[in-house]
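A, B, C and D label the chains in the order they appear, each numbered from 1.
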Amino acid sequence: MSDARSADGEVRFEKVRKAFGTNVVVRELDLAIRGGEFVSLLGPSGCGKTTTLRMLAGLEFPTSGSISIGGRVVNEVAPGARDVAMVFQSYALYPHMTVAENIAYPLRKRGVPKPEREQRVQRAAESLHLTELLSRKPRQLSGGQQQRVALGRALVRDPRVFLLDEPLSNLDAKLRAHMRAELIELHARIRRTFIYVTHDQLEAMTMSDRIAVMHEGVLQQFGTPAEVYNRPANLFVAGFIGAPTMNLLHGQAAEGAFHHPALGLPFAGGSPPASGQRLVLGLRPEDVVLGTGPFAARIRLVEPHGHEQIVQLDIEGGDTLTIRADAALPLAAGEALRWGLRTARLHLFNAESGGRIDAAFTAPAEAAAA
Amino acid sequence: MSSSSLPAAPSHPSRRAATAADRAAVNPLDRGYALLGVLLIAPTVLIFCAVIIYPLVSALYLSLFSIFTPTLAGSFVGLRNYAELAGSPEFWRSLLNNLIWTVLTLTLQVVLGVLAALMLNQAILFRSLARSLILFPYFVSTVVAVLVWRWLFNDLYGILNHTMMWAGILDMPLDWLGAMPNAMVSVVLVGAWKYFPFVVIAVLARLQTIPEQLYEAATIDGAGAWGRFWDVTLPQLRDVLVVVILLRAIWDFKEFDLIYLLTGGGPIIGTQTLPLMVYKEAFGMNEMGRASAVAVAMMLVMLVFMLVYFRVLKARGEEPR
Amino acid sequence: MKRIAGRIAFNLFAWLVVFVTAFPLVWMVITSVKPQFELFRIPPTFWPEQITFEHYARLLWETPFLLYMRNSLILSTATTVVVVAVATLGAHSLVRFRYPGREKLAQLVLFTYLLPSVVLILPLYLMMVWLGVANSLLSLVIAYTTFALPYALWLLRSFMQGIPDDLENAALVDGATRMGAFFDVILPQALPGIISTSLFTFILSWNEYLYALVLVNTDAARPLTTGVMNMLISAFNIEWSLLMAASVMMSIPLIIIFAFLQKFLTRGFGAGGVKG
Amino acid sequence: MSDRIMTGVGRRAVLGGTMALGLGAPMVARAQAPVQLRWWSPQTAPAQREAYMFQIRTFEEANPGVRVAFEATSDEGYPAQMAAAFASGQVPSVVTHLPSFALATYWQNGLLEPMNDVINAVGPQNYYDGANRIYEITQGQYCGTGIGNSAANMMWLRRDLMQAAGVTDVPRTWDQLRDACRRMQRGGVFGAPLPYGRNSMTSLIFICFVHGAGGSIFTPDLQVNVENDAFRNALEFYKSMRELCPPGATGYSWGDSLTAFVSGATATGIYTGRVLANVAAQNPRIADHISCHRYPTISAQVPHWTFNDFPSVMIPRQAQNMAVVKRFAAHLFRPDGYIRQLHAAPGHVLPVLKTISAMPQYQENALINKYRAAVDLMSESAAAGHNLGWETTRHRPNVHAGRIIASHVLSEAVQRYVINNEPMTQVVSVTATRLAELMRA
C-alpha cells in the first residue's frame, strides 16, 4: 500500500460517448477524478451513471472517446487488467464458493501463491470483521455480511480504483447508515480512488469528496457536495439535490427586477438579465423566513417532523412553497401569514436553457410587493 | 432486468438497434468477445445446418420428385405431388383426423391437467408421492404406454372390458382399437393420459405463486369456492395456459409414435394423421417424393400454430420461451 | 368434525384419481409377474395367484433384450453427452455474448424446437445412406441431435438467463477471462440446469421411436423402443407377460431418475417452455 | 438460480464427472469381424431362434473368421424394412421365410442375386418336384429357393367344445362352419378368430376365401378378376363371420389370431401347424381336444384351396462376400440344423426336401408323432398349395403380388366392407381400380 501508487489512481473520461444503437446513454462525458478521491456519480435511474461505471470497469465499451486510469488509456484493456475492483449492487458473490474462496478469487486469478493468498484474505477479513464467517457460503449470510464480503473481495486486491455500484441499496435504512460510516472510514484508511454510483443524494452528500450529477447521459455538474448544494449549475441539479426540494418560481425579468405574481425582487448591480427574459427563481425551504417579511401567503398544510415542521404555503400566482420551519413556531393550516427571504441565498436560472445566472438581489422593500 | 452490461437484455427497448451498434463495434476487446461468442455457438450452428436446415431444404426439394424408395431412383415431377395431394381424399381425411385428434386430446389434457393440478395443490396425504405417480405417464416411453394400453384394451383378457362388464356398463367386450369411432376415442384417451401431466406441472407451478392475499380478499368479498376459482385462479392461470395450450397443440399435432403404435392409423385410415401418412407413403407405398410433399404440407399447417405461439410471446413483451 | 370428514373424503377422492392415473402402470407390473396361463383366465385375476419371474428371465436370456438395452444405453448416453456439451457452450454464447445474428439464431432454435421429426426424417435417412452410416448407433446419435439439441439449447438458455449477469462481470473484474469466468462461475451455477437438461435429453433419447424405426434395421444398433415393439408384432405369439416385463425393464432408468432426481425434472419443466 | 441442489464439493465432483464423460464418450462403432453376415427372418419364436443359433454355430465353426448375426424382422414389418435396407445398401446377407411372392417383386427390380448356385449346392434332385418352379421368374434363373412349405389356412377345431355344443360333423361348407361357430359361441368363447386388421394375414385369409368361393383375384393371364360373384360371396362370408369373432378381431393379425385359439378363447382357429407347439407350451389343457382340417369352402363342389406362402430363401444382390453367403444359404439345408429348425414348430414349416421328410430324425418328434394325421394333412395340403404369386397351376407367376399384399388393398377391402359398412359395389370397384394400378406400376 504505497502512497505513490494511490496518487496514480487518477481516472479520466475524455469525450466519452456510449450509444446502444440510436439510444445514446452517455454523451460527451469529460470527467477527471483525482487519485484517492471519493467521487459519487449521482442521478436518477437511467441517467447513464451505471453505464459510466461499467465502462470504467471494462464491462461496457465506449462508442467513442477515451477512458484512462493512472494516465494509461484502458479502452482496450480487459476488465481484469485495469486494476480496478468493483462492488456490485447485487454483491455478485459466487454462491458456490465460501466467503474465503470468494475473497481469494481475485488473488487466485492473479496467480498469487497460496500462502500469501491466505494471509491477505485473513487480513481483509479481519478489517471487515468477517473472520468467523470465512467458511460459510454466501447464502448463509445476512445482507450486511454479504455486503462486507463483497467489499472484502474488492479490498483484498488493493486496487488503484474501487468501483461501487449502489452497494447499499439492498440494505435496510439502519444498516445503510452504518455501512455509510464504515465506507467513509475505509476510504479514509486506505486512500484509494472510490467511484460510487448512487441515486441517493444523502449517500453522495455524506460520503463524497466530489459529486458528479448526471442526467440523461449528460454530466450536469461536478463539484464538492457544498458546491453542488449551494451553487447548483442548472435547474436539474437545483431540483435534484436537497430534500425537500428547492422551490422553483417561474417569472421574468422586467425593469431590473425578477417578477412573479407573488413577489418582485430587484437585481443588485452587475449585469442583470435583460427585460422580458423568462427566469426561474430557486429558493431552498430553509431560506424562507416565516412570520415577518414583505410577502403574504396562506398556510395550506403543516407536517410536524418533531425537530422541525415542513409547511406548504399557497402564494399568489397559484404556486405553492415548501418551507422548513422551526418546530416551535405556532402554525396551523388555513392561517394567513407574512414571509420573507434570505436574498443572499437565492438561485436564479435561465428558464429556457436551465443554466444558472449569477445575480444578486437587494432586499425587497415591504411596499415593493407586486 | 436493468440495462445490464454484456448482452443487452433481450427485453431492452433498444434491442433491435443494438445489433447495428454491434456491427460498428471497433473495440478490439469487444470484437474479441464477439468472436469468442461466435466460436462457442459455432458447433451448434454447424450441427443445425447439417442435420436440420439441410434436411429441411431437402424435404422441399424431394417433394418435387417421384422417388421409388427401395432403389431411390427418382424423376423430377414439379408440383405434381402437391396437385395429387390436393385431389386426394386420403390427404384431406388425414388432415381432418389430425385436427380432430389434436383438438380433442388437447382439450382433455387441459381440463384434466388443471383439475389434477388444483387437486394436488391442496394438502393431501403423501402429496409428493401422488405427484410422482401423476407425472410418470409423461416420462414413460410411448412404446411402454402403448403396450400397456393395448393390454388394457385387449378384447378377450383386457381388464378394461372386464371391469366395465362387471360394473354393468358393457354387456359385451368393446372393440377399443379396431372400429370407428372407438379407435379415435381410445387414441385420444391414451393421448390425454400420457400428456396431461405436462399441464399439471405447468399449472401447479403457477398455482403455487398465486398470492394467498388474493384468495383472502375474494373471501372477504363474499366469493365462494367456485367464485374464487373463477375470479382469482383462472385469470392467474391464463398466461400459463395460453403457452401450454400452444406448445401442446404443436406437439400433439406432430405426434407419431402413439397413434402409429396404437392403431397404425386404422381402421383403414380412420385414425391416420399426417405424420402417419408420411411414413406410410415413404415406406409402405415406397413413394418417397409424395411422402415429402405430405411432410411439407404438414409443416405449413404447423407454421400457423408456431406463428401464433411466437406472436403471443411477443405480445407479452417476453422473449419467446 | 365436518371439516375432518370433508378432509378425509377429499383425500380419498384425490388418491382415487391418482390410482386411476397410475393404474396402467400398476397393471403392467402385476401382469409381468403372472404366469402366462393365468392371463387367459376369464374373468382376469387381479392379484397374481402365483408370482413368477420367468418372463424376466426369458426376456434377459432368450431374447435380444439385453442387446437392445445396451444399444439404448450407449445411444442415450452418447446423445446426451454430445448434445449437452454443445448446447451448454451454445446457450452460454446466446445468453452472454453479442454478435450479429444472435437474435435470429435464438428464434431459429425455438423454431427447430417445435419442428416435427417427420419432416426431417426422409432427408436424414438419405443423408445417412449417403454417408454410409445408416444402420448404426452413430446414425441415431446424429438423428437424435435434431430434436435433442434444440431442446437442450432452449432449456439451458432459460436456465442460464436465470444466472445474474453480475456474477460473470464480477469474475471478469476480478481478473478472469471470459472462458475463465465461464468455467469458474457460470458452469457451477448452471450445473443444476445442466443436470436437468441431461436427464431430459436422456429420457427423450431413451424413448425415441420414429428415427429408430426408419434408420435402423439391424439388431446390432436397434434400441429398446423398436426392439420391444418388434417382439409384439411377431406372428408366432403374443406374450403379454413378456411384453409387460419388457416394459417394466425398459422403464427402469426412468424409475431411478424418478426416485432420486425428480426435482431436476420438475425444474426442467419450469425452464423448458412453460413459464407463463 | 437457487443453489440448494448440492454442496459445493458434490457439485464440483459431478461437474468433473460430466466433463470426463464428455471427453471419453465411447464412440459408436460396430464390431468388425473379418466377414460379417446378417441373416433375417420373420420366423423368430424362441425355439426357432435356438435352431438358428445352432446352424450359425456350426457354420461359424466350419468357416473360421466368419460371423453370422441373426436379426428378426416380421410379417408386417418386412416390406418397409427391406425397402429401407435396399435403399441404404445395408442389406442383410440372407433372408429366409419371406413368402415367395415378395421375392418376385424384388427380383423384378433387380435387387436379388440368382439362387441357382445355392439350389445346385443343396441338390435340385432332393427337393420335392416343382418346389422351385415358383421362383423361376426369369427363364433359367431362380430368384430364391424354398426353405419350407406352409399351410396357412388350416381349420383348427376344439373337439370338446363341439361335443358340448352338439356339433358332430367337421364343417365342410361355410354355412356349416358358421352354424357350428354360432352354436359353440357362448360362455366367453367365440366362434372363430378371423383377422380383420389392415395387415397381411387379413389379405391372405381373404384370398383363401375368394378361392373358397370358387374365384381368384386375378385371371390366369393376370387380369384383375374381382368384379364377380365369387369375390362378392367371399366378402359376404367374411362379413357374416364378424359376429362370431372376438371384438378385437378388427385388429387381428397372425399373432392375435393364433393366441385367441391357443388360449381357448375361440372354438375354431385358422392357422398353420404352429398351433401344435403353442398349445403344448402355453395351454396343455386343450392339447387332447384339438384337430386339424382343411378350411371349408362355399360348397362341397368347390375344392379346398390351401394358402402356402412358400417360405423362401433369398440373397440380396448388394450382399457382401457373396461366395460365403451362398455357402451359408446352402448350409441352412444341412439335415442336422434344418431338422432342428423344422422341429422348433412341428407342422408349421414343412420340409421342402423329400430327403428330409424321409429321415427318421425328422419323423421322430413327440408332437409329430402325437399329431401325425394333422401333420400329414398339412404336408399334403401345402404340397398342393398356392398363393397370390401363383394362384393356381394355370396362372402365370404374378411378380406384383408382394406389392399388392404390402399395399393392403385386399385387407382394406375387407375393412371397408365389414367394419366401415361401405356398399359392396363401391368396395369392389375401388379394389379393382387399385389392383389394376398396382399391376401397371
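Basically, a residue touches a chain if its C-beta (ideal position, glycine included) is under 8 Å from a C-beta of that chain, and two chains touch if they have at least 3 such contacts.
Remember, it's a predicted structure, so these values are computed and weren't measured experimentally.
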Reaching chain D from chain B through chains that touch each other, fewest steps: 1
C-D or A-B, whichever has more C-beta pairs in contact: C-D
Reference chain A; chain at largest CA-centroid distance: D
Distance between chain centroids, defined by C-alpha means - chain C, chain D (Å): 35
Interchain centroid distance [CA atoms averaged], chain A/chain B, Å: 54
Separation of mean Cα positions, chain C and chain B [Å, integer]: 16
Interchain centroid distance [CA atoms averaged], chain A/chain C, Å: 55
For chain C, residues contacting two or more additional chains: 39-40, 42, 129, 166, 169, 188-189, 214, 232
Chain B, residues touching no fewer than two other chains: 5-6, 8, 18-19, 72, 154, 156-157, 283
Sequence positions of chain A contacting 2 or more other chains: 54, 58-59, 78, 95-96
Contacting residues of chain A [partner chain C, same complex]: 54, 57-59, 78-81, 84-86, 88-90, 92-96, 105-106, 109-110, 153, 157, 163
Complex contact set, residues of chain A against chain B: 19-23, 25, 46, 50-51, 54, 58-63, 75-78
Touch list for chain C against partner chain A, complex: 164, 166-167, 169-177, 180, 184-185, 188-189
Residue numbers on chain B that touch chain A, as the complex places them: 2-3, 5-6, 8, 12-14, 16-21, 24-25, 27-30
Residue ranges of chain B touching chain D (in the complex, touch as defined): 69-72, 153-157, 161, 172-180, 263-264, 266-268, 283-286
